[in-house]
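Before we start, here is the structure in question, set down as structure tokens.
We call the chains A, B, C and D, going by the order they appear; numbering starts again at 1 in every chain.
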């Protein structure tokens, strides 16, 4: 297996602090990224689903990637998302971010009308060929309205830099299918819909998700315990950590992570209008889940 | 009831002729618009669902609206679509098109994460307030992932230029509900999912849909027969015309209209990649439906 | 076109008055059927969706059909529903009801696991062959989890007693497709999801639905106006009548018709447990819709 | 924690061998049950989803439970399914099976029209109160059209014999939520949609699913490895075993298990008509998956 590797581990999906008038709060991004790196994350991913990518204009996306790169300053890889309906649009976005110096790309295909299987393969293959960084395929049928067939994934292994798939289906059995089928050739990152400890046990190479933004130390420790063979310790941490995911499954994802970060003292604002922000009662639930997670990691 | 009126009748949803490299074939738009006006349509709508709006970048959308305005040359209103996830994005698109001189706007809200009811109302209200042309709300839960409640529509009647709703739900009973509830204050355009003769009988003010691109004379005649009280004549024309809609319900919309226009001699190309084009057998079905429609209008 | 014909017109879907302990209130059925016949309906249909057929045991179904036959006493046809997952079960139900003397059957296929197209055809064909009465196919993808393809319907025209299809999809365009395709060979009854006036205009032969239970005179008058060519009069009646359907679309069907009949003075009880009954506020909406409908029919 | 306990471990969901004419092949049931007990399963469950319960008449269900009880002869618990739309029907089924001597019941609520939350709780509570055996709640939104809220489950812990929930959602995170919330009070059985090793690691008390019919020894060994703390060994067995589940996710469940049992030499027939049986190519896939599973267990 050749190059195009990314460090394994924890990649928080960053929120996108966009003000009501559409301007981006770059300082909020820089502070958050700096703190996450200090907390030990292995990379950062702006413009994911948590980052409300589909709500952002080309100019907003560009500003956010630039701020993230500035803040990371080469200490950890920056792996932003690319989301497009049209193939030429995805190619252009990928080229632009690559020129800015990103270390990898998470590529999402938005879908409104049916694509042919061959067209869908070309969408990802042409985007991958346009750049010289590792590509992470992203699958989230609920958000994007499409999924990969095993045949399509097999065809995409012809592109040397397509190395990873981030599975946001919530179907852990699907991950076992991918690991059995592709082994090291197409490695799996867990999304927030899964129990990450189990994805790691199946050979998943990391957790790339919004919740990692708000519990970065716990996420890193969870990953460490599974990869060092401490299954019992991992499960003991995973059980209380699950409260965080329960919130994120119950309430809109971006609204929830932004509320949690506000509770952590980050001024990241509300989700991009017209999405709804969490109300006071929902914020209390998020606060309780954060407290559970913090206790889980505290020394006895 | 004040101004902000559009002429009633037939508004073809224009296709977007985009080449594989992402450039727009402006000449193809100009020829099609000219021919539709000559055939008697009452207005033209670029950037609708048939126009693959969500697949197009801001630059492509701008080019298409400019070409349509040039071709229409003030002879009929040009009423393009605006589609956005974020409120500020919709406002910016609307302002830009208004500055270019359009005569009205069809506004679509794309949806990925839940909006509050209030947020959804503000999305449309702020977009309407940003311009001084009539606004047509567009509802298509399948394509856009959201719909209007009756309460939201009632709130939106506070905006004087929100005058119309284009219903693409396929639920004709819903249109009767709207007509009973809003009367002249919020008038209804039919989409291709309905039997247009029935929408006209209920008081709908026109047909705004892709099929009107390929059978403009028949569409205009159908509208004329219903509005002149010739119910039997309208149904006699509607019955064979329905073959066209059956194709468009069976196959992907934009692919189907583009295939039909190619059969009519327009070089409008394939749907934006990675959408799939119709295959040879499917094109034969479209050709048969066109022949049915043409025979329906032919003098005995 | 041969025999197996049913009178055209209004066939109310009867409710099933089942007490909390599972016993059937036969007197309530008899009174309702008598009054509907007096109001001029053309037939009655126990055990439809409004009749909560899937909630009823074989013994309850038998009791309800017997009571309906007793009450109708040959004055109008009794056309009960048959609903089953398994082919042999449908055949047995059909035979039993035929032996009891029913005049036709509405046949529904419940679906949990995928059937082959051929299997689905056989389900209906074997049920039809088991009896010597007209068969009405019932299509309601939401309730039953399956639909008919045009090919399947074509194959089913090989059975001489399969003469009708009751379409509960709410997709009026689908009815136009059926009428264009099958003409007199497979005639269409409208369900409550459609605007019945339009189904009649398309050539539909009647209205077979729960709402006809609560506004039988208005339904009969609507049918009379369309079939006598009074389109304007039909639409003038259809518009206010639609309030009834709006209730039935907004609230659970059987709960809604049972509430409406209670308001009309029929002691038909609540929907079969554990379905929920309408609350007080919802009953007020139903009462208002009934008042609208009654006014629509009142002499000026 | 009081009584109403069932032995933990492997409970194969039995198939229902029903001939095309609707008669039950009792000998086939008896042979299968005998062999499964010899292979070391901890209980048997006729009339589950794999058992096509919703396709079976009351008489067929009774015959199948009687045959299973005869074959088990008290060696392992017999825990049949009860499936009904109406509360009184579920109560009657439960009473009848309890009188026949079953050791527990899996209770399913079928859903067509909305139930109130309180009605849904009463459905299960009244069924539980009607008998004196342990009750397993079954949740499968896809098959049954409804699910349990956490509040409903909490209310149902008031019934002392409601002791278990069988989760067929495929959402393993939901199981972690249940285990965190209910601990020993409401224990979880895994369905085939999950990776059973992970359900066991989370504290799930067994695997109750169709695939356990065709790989009973491997299922028992998997359960033994997890419960004895051999995580690595469990995962090493789970990985190749997953091929079986992949088949069952790809093809209709009952058709797939019946095909696999035919390949194992059991004459269990096709799924109940009009379901479709697997074709030759699909049977080859099942055969390959069985071979994978058998190799996984074979001594090196």
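FYI, a residue touches a chain if its C-beta (ideal position, glycine included) is under 8 Å from a C-beta of that chain, and two chains touch if they have at least 3 such contacts.
Because the structure is predicted, anything quoted here is derived from the model rather than measured.
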item: Intersection of contact partners for subunit A and subunit C; value: B, D
item: Contact distance in steps, from subunit B to subunit D; value: 2
item: CA centroid of subunit A to CA centroid of subunit D, Å; value: 36
item: Where subunit D touches two or more other chains at once, by residue number; value: none
item: Chain pairs in mutual contact under the definition given at the outset; value: A-B, A-D, B-C, C-D
item: Subunit D-touching residues of subunit A, taken from the complex the two chains share; value: 170-173, 176-177, 179-180, 193-195, 198, 201-202, 231, 235, 238-240, 242-243, 245-246, 249
item: List of subunit A residues in touch with subunit B within their complex; value: 20-22, 49, 52, 54-58, 85-89, 92, 109-110, 112-116, 119-120, 122-123, 143, 252-255, 271-276
